[in-house]
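Chain naming follows the written order as A, B, C and D, and within any one chain the residues start at number 1.
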Amino acid sequence: MKYITMVGDQEFQIEIVDERHVSLNGTLYEVDFDSVSGEPVVSLLVDGKSYEAYVYEDEQGLQVLLHGRMFPVLVEDEREKRLRAAAGSRIAERGDFHLRSPMPGLVIALPVGEGQEVQKGEVLVVLESMKMQNELRAPRAGIISRLRVKPGDSVDQHQTLLTVS
Amino acid sequence: MKYITMVGDQEFQIEIVDERHVSLNGTLYEVDFDSVSGEPVVSLLVDGKSYEAYVYEDEQGLQVLLHGRMFPVLVEDEREKRLRAAAGSRIAERGDFHLRSPMPGLVIALPVGEGQEVQKGEVLVVLESMKMQNELRAPRAGIISRLRVKPGDSVDQHQTLLTVS
Amino acid sequence: MFKKVVVANRGEIAVRILRACRELGIQTVAVYSDADRQALHVRYADEAYRLGPAPSRESYLRGDKIIEVALRSGAGAIHPGYGFLAERADFAQACLDAGLAFIGPKPSAIAAMGDKAVARNTVSAAGIPVVPGTEGEGSLHDEDLVRLAPQIGFPLLIKATAGGGGKGMREVHSLEEMPGLLHAARREAEASFGDGNVYLEKLVEGARHIEFQILADTHGSVIHLGERECSLQRRHQKLLEESPSPFVGDDEELRQRMGLVAVRAAQAVEYVNAGTIEFLVDKEKNFYFLEMNTRLQVEHPVTEMVTGVDIVKEQIRVARGRQLRYSQSDIRLNGWAIECRVNAEDPFNNFLPSTGRITHSLMPTGPGVRVDSGVYPGFEVSPYYDALISKLIVWGETRAEAILRMRRSLEEYKIAGVRTNIPFHQKLMDSTRFMGGQFDTRFVEERFSMEAVEEGKSAPVDIAAILATLVAHRQTQRAAQIVQRGERDTSNWKWLSRWERLQR
Amino acid sequence: MFKKVVVANRGEIAVRILRACRELGIQTVAVYSDADRQALHVRYADEAYRLGPAPSRESYLRGDKIIEVALRSGAGAIHPGYGFLAERADFAQACLDAGLAFIGPKPSAIAAMGDKAVARNTVSAAGIPVVPGTEGEGSLHDEDLVRLAPQIGFPLLIKATAGGGGKGMREVHSLEEMPGLLHAARREAEASFGDGNVYLEKLVEGARHIEFQILADTHGSVIHLGERECSLQRRHQKLLEESPSPFVGDDEELRQRMGLVAVRAAQAVEYVNAGTIEFLVDKEKNFYFLEMNTRLQVEHPVTEMVTGVDIVKEQIRVARGRQLRYSQSDIRLNGWAIECRVNAEDPFNNFLPSTGRITHSLMPTGPGVRVDSGVYPGFEVSPYYDALISKLIVWGETRAEAILRMRRSLEEYKIAGVRTNIPFHQKLMDSTRFMGGQFDTRFVEERFSMEAVEEGKSAPVDIAAILATLVAHRQTQRAAQIVQRGERDTSNWKWLSRWERLQR
């Protein structure tokens, strides 16, 4: 099976040859891959070198935490890559952005109102969790089209707090 | 629900009154019982006292390991107790005893032969496991009616090694 | 002399105190909120009593209920740990009024040092240098503070009078920012301490945060256990502490001079039990009294590792009326200790808190490694309390050995289920400025980045690529197998979902 | 000077050595059998190479393959740990022949001390007292041994010439038992060491097993790190060790005299690197050389805890040609350390080995606690290797503090999936004879019982009854719920079993 794997903006051609062999940009490696200590910790031996990493999934793809560094990775086969190229990356720029709570917590303040214009980086919500007040900021400019919470509300992780259009 | 619980040869009348209350020989206790750290570790609060124990199941009933001591326990409701009393405990004394391997290992020696008479406590099998040689002894007198392994055999845990009739 | 102690806290520090009691043959009583029924402190204590719902105000801040538990269980003393009720003079007084020993200083000392403004005034009167600020002015309104600010000069800090741990603290760079930041600081202080009072303090630039551990008994002995370097902070929260301080280093004269001042500051309020004098130290080695923490500190283990003194046991002995087992001349700093605070927060996502059930944990162990932890696999990290889930402390004969040991320990430490700041500490251990001991209290926020690549370190990008591809490949294959199964017997599907319904 | 080390071992000791290397900035190479792909030593090493199938003979005893791994990976040295190839002079020689440093003594010293009979002869010639026996007689046939036995007198011990760890050892109380026990001992010796030779030794009654840790460099320095008390054994397997020895106690003169003899014994074979001289000590404080272990010991951590010396790092430094960092006068025993060996065996079922997957583990931590472990939740304890899965080591200022700390640590330590001997250690900690330091090498087998109830200890029988009843009740309820569900929709049952088939 052949994959095109992007780590950040570096592209790798990777082929899973069999259980024990992987080729990376044409070079063959002997590998021994195993999940240890329960997900998401994995152990990999590559030509005798021993690596241990966390591999997390997120919306964009996979995150590999290795030796204390986080690598964002996108793994696609040929078909997926072509599909994505055709679709382009127009979606992210347009449409609604739903600000979801990154953790359970208590809404302390909402410095913005419905209909208000906001700039990228502007504080939208102040959320208290684990005794710390955390500021959630706008990832892009836009207009607050909908507020779904008010100060004093307890919110769950991933709960939508407001929408930027 | 009412139970008759034997710890060794001590008998207790125990009633599970509700989620939070247990009566022991007529005295009511407030309890908070929870499995922690995965089976078989349990946590129990009894009128504020905090206990942690392992509760294992075996063929005879339950084993409770508490503060480094092992208590063999038999829990029965009225019906079960009556049934058992009626049946008596004749079974254990009669019939075949199958010596099962308590662990995976290698059969080093079988000092007995088929048809041989053995005394209680006599060595039946020498089994090597974890670099130690372990002697498995006869739990009662009888005759070796069947040998199922020979020296040099690798055996699994619970595998029947021989039968004493 | 008491034989049973209530530990009025949770998490790693409750466990730490329970262990000390148990090792002294003292019976222990835990208290817990609904979020903590399965917590380690409940499991490890001899007795455990529920306080109330998860929020601190309804549980761990309910001093009345805790005293009731102590009386009911026949305990003779209460150890408050840090945070929660640890620096509440009224709670300490209520304990005494109920006939219970409070394992900490006298209420008067807590009160004197607890109001940061009064504290600065008190030690200043004893001839101890303090950072310029609005000390001793009492409670000021916003308009007064705005008026006084230019006299102190910018940058300055707004600090909660009742504060600690960076809560209710804000940094101000210009007069315009004052009103908004005053509002935010008061709001946070009110939420954290039930007291919105704040004061102003000059921000010493390039400053080190260095503190001295104090022990004092009821017989008049006051000693210090040397210093801790606590400059590595983020949002005024300490992240890593060490003892000795690489800044003080071999300057034994400076250490002794600061130690003496620390002892004097404690004596100024007739201090008893364990406490900490915090100093700001500028580049010229001028040092200023910052505040006194009238309680056990999170970072006490680094001092224990280099002095061999068990501070919590000593606290209990002092509360029992015993003399300190050490005089100043017994105290030697042997080797080097470093503590990394392991927080449930994501260093790759702006250090946002991370909650959830810990599904797996593999702790580093071996020579010179100590882990003070309050969690275990299966425990749920909740949003109700602070993010500190464990402290990793190492000891080495030298600072270099301690750093190498910390590196291998961090790499070994695996926690699944929540994200932690372990990668932050790994990054820190690799930074040449940390290794060189060259950092101030602004280092983490201003000169440190999770993204920056250290020179000479090549990133194993190709390995990351292979790992991710193998994981993705497995997922694809697993999905394919499920489809194949389904193809063999299409009627399964409806029953599968029926089964799933049954399971709910 | 080598920069990469192959660790030719597994389990906790491989992890221990890997950590020392890592903390010295040395690259590490692990080797593993098929049973150990997921083992900690494979996970923690920089490189890892497969040796072969699970049985030791096909993996960890394959010296040829291990040397090949070292050469292939560019390593400059091999650390053998203990057991396996650690005391094989031919392997040490093969390393040297391949141009690799062997982190241990010279092959000649291993050979001289490895044959227990030759060893006794050698030290005896150097004027060191030995236990009477057939030392220096070379390999003897059964008939010779049976003839010599009455001259030594009963009780006596049959011991494997190549032995260690109690393997191939049998106790003989009369001449009649000799043939059968000789057979059993030779069989076990052959299986364990590939060498069925045995010799006889007088059994000193009421004896203590006390050993001295030796360090020697290539520059002629030989020092000792004080003693370890190892009398608590079962079937000649050590179970608990401490340092100092409660028997030697304050008798500094005895300690120094034994230490000097230990150093002299090491010098008699021009010893280099770490080693241990074992003595038998009778009630009158007469001591006899028993044997020398020419390697790192399982119980080395207790010495590390009281001396502050990292023995493994010192081994590596010595192998790099460095001088010892300590002279005899630097060595002070500070406080008290105790080690409990945690074995996967069931103390309530005749200590039979227990194997299986570790499903959960909660390790004791906190001040003064060290755990050297080779397992983690998810790891499978296999029957191929010895039962030692972890070592729990505590330090205290006094023996009493160490015992209290060990008690709380044992109570905290939870392992699910395999049975362990932790309850045995708990029982031991509660025994008045252990607390009083009054025990000899026969104590565990002859005067100790898991069933015996210590005076003054009331067993919480009622709590056991409640616990078991609650568990049984839950099981009943769960079963009832399943039946109820089934009643609601009887057609489920067949689909449930179909679903189960799908899952296989």
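Convention: a residue touches a chain if its C-beta (ideal position, glycine included) is under 8 Å from a C-beta of that chain, and two chains touch if they have at least 3 such contacts.
Everything quoted here is computed from the prediction, not taken from an experiment.
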- [ ] Give the chain pair, either A-D or B-D, that is connected by more C-beta contacts.
- [x] B-D
Open item on the list: Suppose each chain is reduced to the average of its Cα coordinates; what separation in Å results between subunit A and subunit C?
Closed with: 30
TODO: Please work out the Cα centroid separation of subunit A and subunit D, and write it as a whole number of Å.
DONE: 47
- [ ] Report, in whole Å, the distance between the mean C-alpha point of subunit A and the mean C-alpha point of subunit B.
- [x] 51
- [ ] For subunit B, jot down the residues that touch at least 2 other chains.
- [x] 37-38, 52
Open item on the list: Where in subunit C do residues touch two or more of the other chains?
Closed with: 44, 360, 362, 376-378
Open item on the list: Dump the list of chain pairs that touch, please.
Closed with: A-C, A-D, B-C, B-D, C-D
TODO: Enumerate the contact residues on subunit D facing subunit B in the complex.
DONE: 167, 187-188, 191-192, 235, 237, 344-345, 348-349, 352-355, 359-360, 362, 382-387, 410-411, 414, 416, 422-423, 426-427, 430, 450, 459-473, 476
Task: Residue ranges of subunit D in contact with subunit A within the complex - done: 29-30, 37-38, 42-49, 72-73, 376-378
- [ ] Within their complex, state which residues of subunit A touch subunit C.
- [x] 1, 3, 5, 7-8, 10, 12, 14, 16, 22, 24, 29, 31, 33, 37-42, 44, 46, 51-55, 61-71, 73, 75, 102-105, 108-109, 128-134, 157
Task: In the complex with subunit D, residue positions of subunit C that touch it - done: 15-16, 19-20, 22-25, 44, 301, 304, 308, 310, 334, 360, 362-363, 365-373, 376-378, 396-397, 401, 404-405, 407-408, 412, 485, 492, 495-496, 498-499, 502
Task: Interface residues, subunit A side, partner subunit D - complex - done: 32, 34, 36-38, 43, 45, 48-50, 52
